[in-house]
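After this come two complexes, each holding subunit A, first together with subunit B and then together with subunit C.
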Partner chain A sequence: MPEGKLCNKQTVDTKEQLNALLADKSGKQYYQELKALDVDGDALWATLQKTCKSRLRTWLEICAHCGMCADSCYFYLANNKDPKQVPSYKIQSTLGELVKRKGQVDAAFMEHVMDVAWSQCSCCNRCGMYCPFGIDMGVMFGYLRGLCFSQGFVPWELKIGSGMHRIYRAQMDVTTEDWVETCEWMVEEYEDDWPKLEIPVDKPNADFIYTVNAREVKHYPEDLAEAAILFHIAGENWTVPSEGWEETSLAMFAGDWAACKMQVESVYDAMDRLKPKRMVVTECGHAYRATVIEGPYWAGLKNGQTPVESIHYVEWVAEALRSGKLKIDPSKRIKEPVTYQDSCNYIRNAGLKESAREIMSHIAEDFIEMKPCKEHNFCCGGGGGLNGIGRYREQRNIGLKVKRDQILATGAKLVVAPCHNCWDAIRDLEEIFHIGIRWSFLKPLLLKMVEVPEHLKPEE
Partner chain B sequence: MYAFVTGPLAWLSFGIFFVGILVRIVIYIRGLNWQMDRVAYQAFPAAGIRGAVRSVVYWLLPYGTHSWRYYPFFTLLVFVFHICLLVTPVFLLGHNLLLQERWGFSLWTLPEGVADGMTVALIIAGVFILLRRIALPEVRILTKPYDILVLVIAVAPFVTGFCAYHQLGNYDAWLIAHILSGELMLVAIPLTKLSHFALFFLSRIQLGMDFGIKRGGMKNKGMAW
Partner chain C sequence: MFKKLLFATTASPVCDNAAKVAFDLELKWDAELILFHVLGVPTRGYSPFITDVRTGETEQIDNDYVDWVREEMKHTYADLLKDSENNRIEAVVGAPHREILRKARTENADMIIMGSHTREEDVGASRYRQIVGSTMQKVAKGARCPVVVISRPCTTCWKLFSNIVVGTDFSKAADSAFGWAYRLAKNVDARLHLFHAVDITKDAIGADHGQVEIETRLEEARDKIENHHLSKVTDYDNYTVEVWEGTPYVEILKFAREVQADLIVMAHHTREIDPEKALLGSTVEQVVLRSACPVASVNRPDKAWEIDPD
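For the complex of A and B:
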């Protein structure tokens, strides 16, 4: 059977395809079909020749096989230093082999490549900082995932995820109507406590547009309300776009570059349409990475920048605290020891470590750094899409041990985690290991401690 | 024999070395692509240069990076090995006498005892690098015969040079072996992974620009390598 009904090289562009995939519980049939999927070796080789150039070729070739990257990878550490988890081994035995065999491989090999690319690397890019040549497996595995995707070898959830982006321009089936209704609903829900609270939709020329993660809309709409309340308190002139509001990209995790482009272009179109001065992205790491850091390249923007300046939520908070738009009631600062989860995506790969420290200096009295921290921090263990892939649950759970031990070593019981994936991973690690911690986004913490100007308080 | 290996063969090997390295550099740079690599190389020259310089300089400094500090002993081996490998042949008295004779100029030279010591240090470092390859499971799994071959190619000129200098056995034979192994190394540099002689810099510059321009370099003081 060259192509499966569910598992094939086609992209998911219709609701029928999507529903068929969703109906296949945990992807049972999908993975069955995957085993018999034909590999188009010639197409693979053609792509490799076209795209595996200077940087990747050189990395594959000059790797000194020195093993200095070993301890940098949390998978290696969490798996009792299993040599098969050394970053260099992982890439040489997959991408390296593909190149060596000129793409002529079978389905069993591709299935193995898929397993390594999604369950042994979360594209956290930490190893790249420890290799003398700067060989960055996060980049290499990202590339390899694209090759896998083009051949139909991609975890079931991510095939669905990339299809969602293609169909809904969101990682979940949230339509424009759902989104706008959620905004209205949240205002209704909270306007008694916050008179004049607004979530302005499609207001042109605002100071910034605010964009989110579809999960917030679908599962945690309070997050949106909290964002609105904080903007309200800070007196911001802001808006949300009715279309192009989704920042995340399961397509990036899947290696579906065409869908990545469609997704970010929906956001850039909103910028063009509404002409805001800036964009603020919610507390999500990979969303920021996808739409702000990588997105311009997918969309072919030559200067690598989004059409208008884009900042992460932590940058907005740091700015608001610095300028006094948000004031913290000193008596309500966090008194207990608290630590911060530096997200790979906006700290290591986007340089926002100082914003995070600035925020913590305002809101916490006993801030304890993890070791290592900032750009050297370990991935939470759930990045690169790993949190959402059932097939690799066990591998993910093993990887969480490193973050568990890092948190335990701080002695803190509260972890600030302004990234959806990190937040989920830390929640799951508490569920598995019961180390007695709590974890939080910034918004609920800030809401508990900001000073509310008199004129914004409800009349008694 | 001596005339041949120091004449046409030397010309040939130096030729392959220089041309080969140049070709490597040109191919590398031409293969870069802002959109495929997702780095706007040309859009922000200042940030790019800053990132590139940081990425090279910190890694050239012994113990200059987190990674070098994390593996103190291996770092010692790496730096001893590379410093001796590059410095000894260029500033060796014998080589400079030859240079004077053939080309009419010479460079500053190392005292002979120092050069001898550096040769021994390089050989010892090479042996430890080899032992480490075999002893540590995380390095063993990566090791291919090719890696050992490359190490042997790099160390051979020093072993043979040492033997010739100390006249252990047949001087003439050692000398010829020394020259041949040296020439083999020159040829091997562009043709094998010894090409990291040049590609180390290109790769570090590339990643430095990546972090400098795209991944945060314009938002902070630069990556803390």
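For the complex of A and C:
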């Protein structure tokens, strides 16, 4: 059974494997090997029998091919209503076929399945809201990605990503030492302006632990400093765990369920160890979905809840503004028209739309909703790992048109985007289409307008 | 005084003038010079893509690409490298200001040398203005060691500096700026010019000022220089004190021109978080953009008051 040196059914569990993959620029050799990768049809069928259970089987069977899901899909809209982009077609022609053929398919078919699963669906779950039967093609594609991963048919970047989680318990090569050192560094850099600023590490029994996205630590540690400053201003009793600080899950995008479990368990262990009252997650969409919404099931927690209550950053901000822990200087509110990018993962899939509106009512004078918005909003165009996959750059860029037109229709030049993927997709669409917009996370905006209590200001 | 120098370069002509000074310092001080280039800005979310700071193009990063950039840097600085004795060439991926600060911290650099990074012809700067355009400002704000910014040709070699101007506003950061300037002046036997500008722009106070008030403030500033700074000066008398009134950045530039300054030393401290606003609002930025001589920004005491073994 031919298995590639780089592209194979093995999971990436060692640094040697990881480095070999990383050295293969753009996955050139990897994708070549993928073409010759054997499909273990029996194993695939066994997995299907074991895991493709009543809900998914029913969905596959009751789909009436009515086409109501077509207009709900931004890929369909952005690709001139190409029938091949209708969600029901996309899933029937992939997962549906795998079931029909009892897993007996060849590498060319699996490559096609992979391409559809990662470049024609970002698992935004919008279609599920419009299907008269409530069939959620996003959920099914998530499942299908797991099947692809088990057979080694997964985009190069996501094979690397899931390996990172397996090796580092983070999506990037950030070690515990790097992380703790970065916390110290940020305090050092900002304490002149913010006397007594702290990023407490491993403090037991705090009101909450704060968890982040590894890219913040690796490339954008200001984000961590800004979070610390806002907690400092709000007078919070908080901490970060030295281990179990990473919220994101490329393993989820990859369909590597075993790695998903490892990753969220590192966070849950931190909760057990430090016994905080709650957890606050940074401004990231899929991280929240992975660790708070899906994670408990991966970890086998039957009640579907994280060990301690977990809230998204927008919930913390809304709460802090409501309770007066953070006060906005009215003269510094955003005066220009501004819109908000509802992240699929914590708005549609976790119901946090009102927190976002509450924040906007405090910080903006001319807030303009996108149409549609809230749980009906379109994906930014980069979700589900799509931003990170070179092979599908072109397809991604076409999909961005829908978000571009939505933003243009608001007339706003500023987009609040409290999600790393949305932030990137919106930045990229500006780079491609030059529509003259700016975009921001919440933290830098809040820091510009929040009232600083006298006792926290530096002397001089 | 300088054992390790960090030359943070865009590896483009914008930094040519700074490069000459950096290599000059390496030789004159027997220091180690690190040529450091942040070649590409990564995305915020997961992806292998970076935006190359020189071309503005999207690239996929790997070790070959980094090696290739390092080779290019060798070509760019081939002439200067010929005489260099102790250097390292490094290129990394990241947000430029962040990686420069990280490098300075891990290497415990004695000084960061850079170009102003803000010129329009720098493709990366105009395309990625929100990140690259404010690199110099963010580095100056965050660094624990002095940051020397060179935007125009520097005709005098550092060791032959004869006039060093230090601008003070009596802040804690200005103490560090003064400390470092004093140490340097002693080291190279230059004349130290202590300068303060009384800010009489309307914005500062909100009203016009009478002559009497201005003169009172000038007098107060002179006293402050005496008590605050000169009290720390021992066994050195090659200095002058000047207090002028006006718009601070204009006055310091005028004064530097008058005394033919080889270097201006100032503190960079602004609480303004928005880089665009701080870029326009802070005195040191204005001075950097307009000064004919190098400008050193010193914010923190770490490298300022150390006892010199020499």
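Following the convention adopted for this analysis, the second predicted complex is superposed on the first by the 459 of 460 C-alpha atoms of A that agree within 3 Å, B and C clash if a C-alpha of one lies under 4 Å from a C-alpha of the other, contacts with A are read in each partner's own complex, and residues count from 1 in each chain.
We adopt the following convention: a residue touches a chain if its C-beta (ideal position, glycine included) is under 8 Å from a C-beta of that chain, and two chains touch if they have at least 3 such contacts.
Treat the numbers as computed from the prediction; the structure is a model and nothing was measured.
After overlaying the two complexes on the shared chain, residue contacts for A:W423 are found with subunit C alone; subunit B is out of touch.
In the superposed model, A:V308 makes contact with neither subunit B nor subunit C. When the two complexes are overlaid on their common chain A, residue A:G351 makes contact with subunit B while staying clear of subunit C.
Of the two partners subunit B and subunit C, more residues of subunit A are touched by B. Once the two complexes are overlaid on the shared chain, A:D192 sits against subunit C while remaining clear of subunit B. Shared-chain residue A:G161: touches subunit C; no touch with subunit B.
In the superposed model, A:T248 makes contact with subunit C only, not with subunit B. Contacts of A:S54 after superposition: subunit B is touched, whereas subunit C is not reached.
Counting contacts as defined above, no subunit A residue meets subunit B in one complex and subunit C in the other.
Partner subunit B is touched in their complex by these residues of subunit A: 51, 53-55, 57-59, 61-68, 70-72, 76, 81, 83-84, 86, 88-89, 92, 128-136, 293-294, 296-297, 300, 302-305, 347-354, 372, 374-376.
Put simply, subunit B touches subunit A in their complex at residues 27-40, 43-44, 55, 59, 66-67, 70-71, 74, 78, 133, 136-144, 147, 193, 195-196, 199-200, 202-204, 206-208, 210, 213-220, 223-225. Here subunit C touches subunit A in the complex through residues 42-49, 58, 60, 62-65, 93-95, 98, 101-102, 105, 142, 144, 171-172, 269, 271, 273-274, 299-300, going by the rule given at the top. Against subunit C, the residues of subunit A that register as touching in their complex are 22-23, 25-26, 157, 161, 171, 185, 188-189, 192-193, 213, 215, 219-222, 248, 250, 253, 382, 385, 387-390, 420-421, 423-424, 427, 431, 444, 447-448, 460.
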